[in-house]
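What follows is a set of notes on a single structure, which appears directly below.
As written, the chains take the letters A, B, C and D, and residue 1 is the first residue of each chain.
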């Protein structure tokens, strides 16, 4: 009744070509954005303030669900461009994400290379020499990560001119295995650490804005404030404790400090020891930044796929011969799809490192199972649909977490922990098959059907 | 310059010691046969249903788990094998009944995804029944080695080669001489036409899944004898994929020849080039080898040349 | 109206001694003919005569082993399909080859792809391409600028879209398929799909339009519509067309020149009347089955 | 500045993080999360470790009614050896009053280290994790007690030297390292390289990819190079295959030494007789002949309160290691209780307890584990606890200790650790604390 096109006309083609055909859709999206950007953080904050929700529950929601979900949405969008819109199946998504993550890492640490020299005692002395200034702006890092990944993606997309279908899918595994091998073998990539792990250093944005204050109590009873500037999104920043400070009086702003818990723990009156303290990003900052990135890229993707580039991709996907005969260059079009898709995946990988994990081991974080799970998201969500990318990412990310959280109920019945875990796997596998049988076109198709039903509701005839 | 040449020709230079070179070649070929055993199961299902069965690796695990489990319970080996074959056939029927018949005429990628879902389910299901511990699997395959001309050859791998040969012969007879086999080939050639002459597609699917379950059992037995039966067994599917693209998804001889090429290629590369670049290159080398090959022959080794029509 | 009275332009396409082989099989043997501007040119022949192969050769999908094709005065031997499209050759297919996942409008819009250029690149071609050195430097930047505009769907790019949308809407109006504008083409009946396919080809504003059995599988009404579109196109816009059709009535009615192929060889070439009179053609193809048809005329 | 007003609220929320969680915790229990993996490719090794941890805590509750009158509660969380699942586990259990975590995976350890100080949750990695984190000045919250991979590598070289008849005999000997191609497997390389320069042996490193089912190429190279000793740094199925391949090429098994994660029953039993004579490192004694283990069987399993099917693991290498893990945790908790005079300890206090962990020989005897391990003592700067390494050998039936306690080459390893930690501190902008 409320959701129908009656009475909505467009008088210009420009308007008719807008993203939304219906005003209701447009308002719906604005509502959703409002919810995600404002209602979620403020609501959670109020819930915690009101004592309804534990602070750690809020952390749990952000750190292990929402951030991961956003990263997965980004990666699913990336793969959907390639597989859903351009019809090229790829099993190398995780590796491309890895390229993004390592690019972000290298730029954030100044592109070090190693110089090894023998000193007088015959010991090997190695020093890291930076060749670029360190970049501490996450946005710049993410864009660089996307750009480099796009180039790598194009290289691995070259065989797609000759190889098609599942043959191409398996061939993209070459990228997967080769790149992951590089992540654990090319020492330069991980700054020559002994274990091939990487950790993102301090990153912050808008460092000219004051975002928080920590107030220290001095021996004479007065207070001294230390102000914190910029929004931290990754790593931690070390600051000096004012000379002679005795206690911490309060901490406020977009920060978490080493002291934030000392304040509330039973021995809160404990004196400050040491000369420095460290501040950490709050999950809200990370969430808002990643959400903004995902929204911006979703907008870009929507624009690309509804324009000439998207049409060329879909033409190649639907019938590549006919597409060539109307003048679409197959190689250029496919490579552009590989480039854009890899750009998105690279951004997702950089987000994974910067916002979600912070430190990771390349070969483990970007292994083949990740590639599969992203392909899952795209297919369960619906090929060739942006909404589908989001729905699929949500399904694949959230289902296991929901299953884990209903686990205590099952655990009481079965003592065997492994059995509970196995049941979870079986349920997950069965759900996937069930979904494919019920709606092979994915969740986005279900969503569409629901909308069509809603258009007619409550008078279907 | 000399170093560069040495690097480029490293895989050939290993033949400086011809015994060692021959050992690499033989090990490579025999390792390739082990991959082929896994690849065969993929080929069978793809041929008959156009389904890229990602669960094949888990099927190998599942079959081996059952066999090792029964033997562990004290069931005599021949009976255990028969029981396991029975389970694989039952499994084929269940898969057809619960999954395949509901996915008729779906796109290939959907079928592919469904098999991944199946893989999730089956690996957990197998371990629920038989536990996650490593199980020893000993069906009397000779262990140890012999050394003609100072070249080491292991009995297990030789057995694998013989088993693979026997399996291919059995499959060839099955496909060419039996009525079911002819029906299978008809389905592989043209679904619609096969349907129209009265071949029951569902029966075909059951048979083909059962056969590939039995092939999985053979592969699982060989691999299980090598490394014990445990979850990791399911991951050998990834070693079979380059074999598949090299040999073509639909060709049984392709799976064998592809396996030999991949096995030989990756061992030569690892032994030759590995030390220069830090080693562990064989995984991606197999894929790159297959991919390069594919660029020149997009239809695989034994696939038919594709003539595009409009 | 009789075809002979009409005035045609220069030779648009000249096919010289084309031979095409697949392995050992000769699909086309030593065929030559000329298509003049504004002509409706028909290629007929029994099944397997090499008609579709001939079209495939013309638009670069097959590469003939021998012979040359001269199009707009430029001889060529090897050409990729998209290059043929860039020179203005459009095409419909025997079995509908629409982009099934897209709507009618989008299908027609894909036909505009060649005409659509990014605003930045157009500026480049107009102003910068002829400057020495600087053209190498600016081309990537302009290309990238277009990608940015595309991804924002903003400003000059949006105007570009609107401009081509108008052109596409003209095609849609012409073919009377307004009501199915937003329907995914996979859901359309066969006749309409053929019409959309014609629309897609028309949107390319081709100099030479190749129609592969445009009326196959249609009922009488649909055929009449299609004939009307073809004739209107030719008369109003002067589009040159080469078509393959089995319905002899239609062919003889609308075409200006007819080439007859049999077993890959040309056996006749001329106006419909000439071809109808040709003994070889009657023997090889028209034969008894169609005599009744011819008498009607 | 304007923004500050707006954001003050959020800050308060942050502060609240600390308040709410402990409040919901009942006073007389202490919570421990166990990150375990009973599924996935490494499950065969994960199960006994997990059981060991759980069984000991269970035992402490049943026998002593907890630690200092505080009952222990725990929650198992399945990680499947996967970092993302580990993050989920960490965040989910954080609110239940976690004071110390045992990540049981290198990837998860690396991910959690930067969070530790913020969340006031210590990380205890018993025999795995990040080696240079044993520098307590840079990593106050991370504990690698009782010993590390680098120490172990140096102990292996010491052992090999002793077997060869003196460290000077190492010159010109060939040692091959076969390792799991991951952060874990690569840990010893730097140490071994350093020692190579010092002692003049020749080191060959051979990487094996996960899962390690196919190692033909590696063993062909072993056959070509004919090393005198093999060090195996494997994990999961890779171990069994390596052991089998070694036998297949006729390598002398008593010259093959596995890392302590390559020396469990799960690694050797499936290979049949192939593993006879194979050696492996460890930091605790083998077998079930200790009063504590007999008591665990009696108190926990005979009373029907054990884990389903868990009895068979008692005395296995990985189970023993799980017990060691839990002993460190409970001992640290007891230490903290004594220091602060509290019952339930918080994160800061637990950290102090771990940092001042001192298990003397008498204490080990008290625990019913006389001779099981050497005394352990952590300090502010050294979180490694100075644990020595043992070599055990498989005789086809069980593991036997065949060496004395070997003290690692501290003089080589410690500077390496300090240098590496200092580099980390520099890159992350951390000012090391002073320990004096």
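Simple rule for what comes next: contacts are C-beta pairs under 8 Å (C-beta built on N, C-alpha and C of every residue); 3 or more make two chains touch, one makes a residue touch a chain.
This one's a predicted model, so the numbers in the text were calculated from it and none came from an experiment.
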Max Cα-centre separation from subunit A goes to chain C
Could you find the two chains linked by the most C-beta contact pairs? A-D
Averaged over CA atoms, how far is the centre of subunit B from the centre of subunit C? Could you give it in whole Å? 48
Please tell me the distance, in whole Å, between the geometric centres of subunit C and subunit D computed from their C-alpha atoms. 72
Just how far, in Å, is the C-alpha centre of subunit D from the one of subunit B? 37
Shared-contact residues (touching 2 or more other chains) in subunit A: 321-322, 325, 418, 421-422, 425
Quick check: what residues of subunit D touch more than one other chain, meaning two or more? 38-39, 43, 47, 181, 309
Where subunit C touches two or more other chains simultaneously, the residues are 61, 93, 97
Subunit A partner contacts - residues on subunit B that touch it in the complex: 52, 98-99, 102-103, 106-110, 112-114, 116-125, 127-128, 132, 238, 241-242, 244-245, 249, 277-278, 280-281, 283-284, 287-288, 290-291, 294-295, 298, 300, 308, 310
Which residues of subunit D touch subunit A in the complex? 1, 3-4, 7-22, 24, 36, 38-39, 43, 47, 50, 76, 78, 80, 82-84, 87-88, 90-92, 94-95, 106-107, 110-111, 113-115, 117-120, 130-132, 181-184, 186-187, 189-190, 197, 210, 307-309, 340, 342, 346-348, 420, 423, 427-431, 433
Touching subunit C in the complex: which residues of subunit A? 12-14, 16-17, 300, 303-304, 306-309, 311-312, 314-315, 317-319, 321-330, 384
List of subunit A residues in touch with subunit D within their complex: 41, 44-45, 48-49, 51, 53-60, 63-65, 68, 109, 122-124, 128, 184, 191, 193-197, 199, 201-202, 209-213, 235-238, 251-256, 258, 260-267, 274-276, 278, 280, 282, 284, 356-361, 363-365, 367, 401, 404-405, 415-418, 421-422, 425
In the complex, subunit A residues that touch subunit B: 83, 89, 159, 162-167, 170-171, 173-174, 176-178, 180-181, 185, 321-322, 325, 368, 372, 375-376, 379-380, 383, 418-419, 421-426, 428-433, 436-437, 440
